[in-house]
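Okay, so subunit A shows up in both of these, paired with subunit B first and subunit C after.
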Partner chain A sequence: MTRALPILRRLGALLAVIVLSTFFLSCLLRLLPTDLVDMILSMGTPQEKAALRHTLYLDRDVFTSYIMWFSHFIRGDMGIIYGTGGGETVWSHVTRSLPISLLIMLYTQVFALVIAVPLGIFTAYRAGKKSDRAISNTLFTASSVPNFALAFLLIIVVGVKLKWLPTLEYVGFKENPFQHFKHLAIPCISLGVGLAASYTRLLRTDVIAALKDDYVTMAASKGLSDSRILLTHVFRPASVTLLTAAALNMGALIGGTLVIETIFAIPGFGFEIAYALGTKEFVALQSFIAITAIGYVIFNVTADLLIGVVDPRTRGSR
Partner chain B sequence: MSDVQPMLSLRNFSVSFDTARGPLYAVRNVDIDVADGESLGIVGESGSGKTVLSRGAMGLLPKRAAHRSGTVIYDDHDLSTAPRDELRQYWGTGMAMIFQDPMTALNPVRKIGSQLTEGLRVRLQMNKHDAKTRGLELLHRVRIPDPEAVMEKYPFQLSGGMRQRVMIAIALACKPRLLFADEPTTALDVTVQAQVMQLLSELRHEMGMSMVIVTHDLGVVAGHTDRIAVMYAGEVVEIAPTKQLFANMQMPYTEALMKSIPRLDTPSGQRLPVISGRLPDPTQPEIGCSFASRCPYVTDKCRASAPPLVEVTPGHSYRCWFPIGGSR
Partner chain C sequence: MFQRSTTGSRVMKKVGAGVVLALLASTVPMAANAAKTTSSASAATPVSGGKITVGVFDTFAGYCMKQILANSALGGARSIAETLFERNSDGRVVPFLLKGATPNADFTTWNLSIRKKVDGTPIQFSDGVAWNADALIANFNAIRGMTYVANLKTDTEKNFFGSTAVATGNIVSTTKADDYTVVLKLNKPQADLRELLYASGRFIMRSPNMFKDPAKCASTLVGTGPFMQQSSEPTKLVVVKNPNYWRKDAAGKKLPYLDQITFKYVVESAARVAGLKSGSLDAAQFSSASETKQMKDLSTSSAVSYFKTGGDFYPSLWFNTSIAPFNSLNARKAVSFALDRDLWAKTRGNGITEAATSIVGKNNVMYSTKNFATFNLAKAKKYAADYKTETGKDLEFVFPSANDSSTRANSKAFVAMMKKAGIKASFNEELLSDIVNKGFFEVGTGLKYQAAFLLTLEGLDAAFNYIFLSSNMFEAGTTNPMAGLARLAKIDTLLNITKHKDAQLDALLEAARASGTAADYKKVTERIQDQAYIANITYQSYAMATTKKIFGVGQTKLAAGGSAPAVFNWGTNWTSVWKKK
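Coming up: the complex of A and B.
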């Protein structure tokens, strides 16, 4: 009961954010410089245009049309891609492209964490020493390079010059797992290096602070080894911050993923958005952006809930 | 203790820290012995260096920030030069510590059970089941009701008194020969304080261990120690068998501490005479007696030169040019 309440409150806030952002999009569609219907059916007869206006709920007032759109949207009925002559639904594009983007985000996070956890602990343990400074400075430099610049650098060096990794297109995991990872390596590394650097920095700060805590001295006074203390006493509390950062970064990662996908011609969600923008598929775009907003909110709420699981102090009290 | 080899022996032991304002002298030229089975009190107001002294003796201070000098002999081993890996062999079994604040000394995100049993598993190589059985015994021994449930709890779910009992159980887990108890009752309610001190005394007798009780309250250790060392500004200013100290104190600071002990007949809420003034700045060592700035009996001689440690009767020494018992 007491535990369910904060979760319910969070879900309420989640719903509010989703409704507000999608309603805002709905209003924007009406404010386009050219009428949406004229744009899609520039050669259509008045009857055809009226029919389309009805399908797009544009013949109602803004609230009714929004509610109608939303009730269809949540059921997966998002209309069609008009450029394909009506042959393909928006939903089919979502189900095809969204998993690819989510995979890229997942791989990027895993890559960043796998790099950051050992480096963060190691640099904290050796804080101020040469090895710490060398690693910390390198990471700081690497993190100040923008994703797309790093992507181009890796394409040129690793892809074109050394020919180690492919730089274009996408291979599904089921088609060929090896090729799948090979094709996603450069995109995920380009996205993940900055994250890895910021995670390392976070973890390092946290571990340094934790190492000064009394419970670490207490653990030492039991006669435990340094490595045991680092892992069982220091890393766990420090990982709370790290996990929060990772979950919160999922939201921020959305933007980076969309850009990277267009660079590498990966048919993910970002590619779909860019395509919809370029071909003025505003009906599809409305749903794409709504999905992005929903993803963003869900990632943030999940972050909060995850913290509760890892840090018992926050359980129930939030 | 002259003919018997002490268990722990500090000689000319000093600790200083590097700070922004230059070196901070936290502990200065301390000579202290702890005999087998003995209970020694270290008393002094907050900031006098008691925690640094006890952590320094165990070797628990951060290596980089704290500079130690002098010797620490445990049995026949010089621990002052021993590397951390060697010190670890003594921690938990040879020497253990109860920390000042059980809220910060227990890991907030790990269950009591795992914090209690990890020492048993690592140091005594117990298996999971035996360690748990022994952990439950320990919790029972420190009079924690429902040990099974407490094993599964996190520190923040326990009361202050329970946390302190848990910490005692953890410190005693591997049957240490010497226990440092750093302000074991300061974080507790007055009613719980006496119970915890009583428990510590019982456990010491039962296990035949030596104990160093660190406190700012002379009243706390009066009935629980064989000897008491009074610390002021990083120095031992008087050390004597407990009875002797109460009956025949020599140093004005000891007298001032004595006056600030709460008595049963003190109306509650009435403020006790506190020693006016503050400890001297530990980054600016005094030329004369370190207590000169607050001593009611101060003279020019006190300010000009520091009194040496002199012995009145065997085992009773003090630092003061004009001791209370002497002719003033």
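Coming up: the complex of A and C.
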């Protein structure tokens, strides 16, 4: 029970954050500089507009309408896409696009971590040396390049000049695994380079700090090899910050995917958000942003729980 | 020009969502004036098979009467559904799904004869329904709004409701004479009915089955075209070869050649260019509204074949004549004379766009330079001063601007141009949907803004432009059963964008429609230019670029002879396009 309590507390906090964030979102819908119903039904009769206002819960007070919207939202009833004749539901767009974005985010994180972990440990181990300075400066430069600029650079060099990789579209894994990875390579690299750079720097700092801890000195005095000390005694505690950063960056990645998916015409969740913004599908947008907020919260709570597993010392304090 | 192409298309989309017509950002190709910069070799023998991906800058909102497809998205739909008339590469409107249209002496009754296959059997929609008089009348009913009226209770999304009903307000009745002939009666004489029924390529013929279910009508397009819809999402339309397509090429080979086309929405023009050059796209479309840099790059690239229309699309600054300051002729003239079009074409158009010399382009039947306010700073200042004398106020106005960077830059340049003439112009950045809503739908006043940039005039003919210039499409005494419908009357009022109540202009329009002659339509233009209801800065064009593996662009032969033009504002006719393996 004592072990479950922090988890329950965390889940309670998660629920509270979700409720608060989605409530503010529903308020935003009412603060739009235009009447949503007029926008959807420009030429509707007063009766038709009243009916739509009722359907969107806009004829009730803020709290009642929020409760009604939320109760439908959690059941996957998120309304319809109004610009397409009512034939498409928001939920169908979510189920179609979200897995694509989650995959992109996963690949991006894997790419960033695969680059960052060895480089972070290496640069920490070689702190102050030429190789550390060279890598650190390169990473600093890389992290200062916006992902969309890097994307265009890669498109021109790798896609247009060298013709190694495609510059548009998405191919499902089941459809063609090779093409799947080929199509996602430039988008994930564009998103991942900046992340890899910041992860490396974070890990380097933590590893350097950990290397100065007494238990590392003790391990070294016991005659353990450098590699064993680094991987077993240093990397594990040093990775706490990395994990937190990775979780926090999952939320930030949603913003990144919005731009990258638009550039590469990938029909992911970010693309859907951009599309909903562009076409003023505010009903859909409300659900999309709510899902983003929920995702952000879930990633953070998951990170908190994982950190407790990786570093038991943090369980009590978190 | 003040709205990016996507903007323009969104305008259309919104407009279409309720109202403005199937006509708004449409097109007119202008095959006749299509300026082909570089082209793919066409001597080789066409090869059947292959799949291509085409990058477009508009989305696929749906396919019923309510969802107006804009520009490049319309090209996708037109690969599935065909039109009664087509415009050929000479610029003439020729029968396509119709075999012919014959008027009576005063152009008030037209006999429409329906085309059959060469072997005399009926052309079929891809769902097996025959293309005959019943199918044509079903389509007219949908276009005219009668399907909407018949389905008021079941069509909750109002998918059967389209602004096309206003565009065809002059049609009073459609009667089946026999299985392949329909008699169409008009309220007032119209000599250019063929052009109206072409409607810039927008009056596509749908299978009558589409009109049984409004939701399906919006989601699934079924036509007689060379391709069939396989899947459709707002950002992607996939079409596959129609195995029973009714036409063959000159050698007797079945059309179309391609197995599949994917029309992919790629909003970023730079991504479309890169997609072409990397081979991720086989073809892509561009608009000079905000993509002149890309068009310039592609026009000189050896890696692609490039086709471009003439400047046959006319973005205009529409003055709201019902409120100050543009209820004053002095104010309208001051702004019109302050427009330095040559400078604009150079600085904002990258040499791609052409400075306007009339409210429509040189290839349009309405073209006339008479009374057009060419750039004259002295006159602009004089009219601004006259306005102050007239009203006691400085000439100031606000116009809306969409919030993308390209439009913002254009708006700033426009403000600077006005400043030189002592006119205080400013802009509010607004949601495009708001601009459209207030621009078209504001009940009572119509255009709520003092002025707004909108792309509505286009093409070679006048039938398409007529609706935006006339103050009344349902003239008094009409027997059109739709005339009494409040919703349509409202749209009719709103489509008169400038809100003019100019009886002289209406009379000129009616006379020109009756005669269909350029001389009469020029009088309309001259009246509009004299009263400065509209001001234009530059003309707009569209381009299609393909990889060097794509052939046959502009090679599609039309049923009545001649070829389809290489590119329209809605893209290309894909029937004869093929891909080298």
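Criterion: the second predicted complex is superposed on the first by the 315 of 318 C-alpha atoms of A that agree within 3 Å, B and C clash if a C-alpha of one lies under 4 Å from a C-alpha of the other, contacts with A are read in each partner's own complex, and residues count from 1 in each chain.
Criterion: a contact is a pair of C-beta atoms (placed from the backbone, for glycine too) under 8 Å apart; a residue touches a chain by one contact, two chains touch by 3 or more.
From a predicted model like this one, the values you see are computed outputs, not experimental measurements.
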Evaluate whether subunit B and subunit C can sit on subunit A together after superposition, giving fit or clash. fit
Once the two complexes are overlaid, how big is the angle at subunit A between subunit B and subunit C (Cα centres, nearest 10°)? 160
Is A:265 contacted by the first partner subunit B, the second partner subunit C, both or neither? second
Just subunit B (first), just subunit C (second), both, or neither: which does A:133 touch? neither
First (subunit B), second (subunit C), both or neither touched by A:213: first
Looking at the overlay, what does A:87 touch: subunit B (first), subunit C (second), both, or neither? second
If we overlay the two complexes on their shared chain A, which of subunit B and subunit C does A:30 touch? Say first, second, both or neither. neither
Applying the document's definition of touch, where does A:155 land relative to subunit B and subunit C: first, second, both, or neither? second
Decide which partner touches more residues of subunit A, taking subunit B and subunit C as the two options. C
Which value, in Å, gives the least CA distance between subunit B and subunit C in the superposed three-chain arrangement? 49
Sort out for me which residues of subunit B touch subunit A in the complex. 55, 58, 60, 84, 88-93, 96-97, 99-101, 104-110, 114, 118-119, 122-123, 154, 156, 167, 170-171, 173-174
Mind pulling up the subunit C residues that touch subunit A in the complex? 6, 10, 13-14, 17-19, 53, 55, 59, 61-62, 64, 66-67, 156-159, 214-219, 233-236, 264-268, 270-271, 274-275, 277-281, 431-434, 437, 440-441, 487, 490-491
Interface residues, subunit A side, partner subunit C - complex: 33-34, 38-39, 41-45, 48, 81, 83-88, 96, 152, 155-156, 159-160, 163, 165-169, 262-265, 267, 271, 274-275, 278-280
Please name which positions on subunit A make contact with subunit B in the complex. 213-215, 217-226, 228, 232-233, 236-237, 240, 310-313
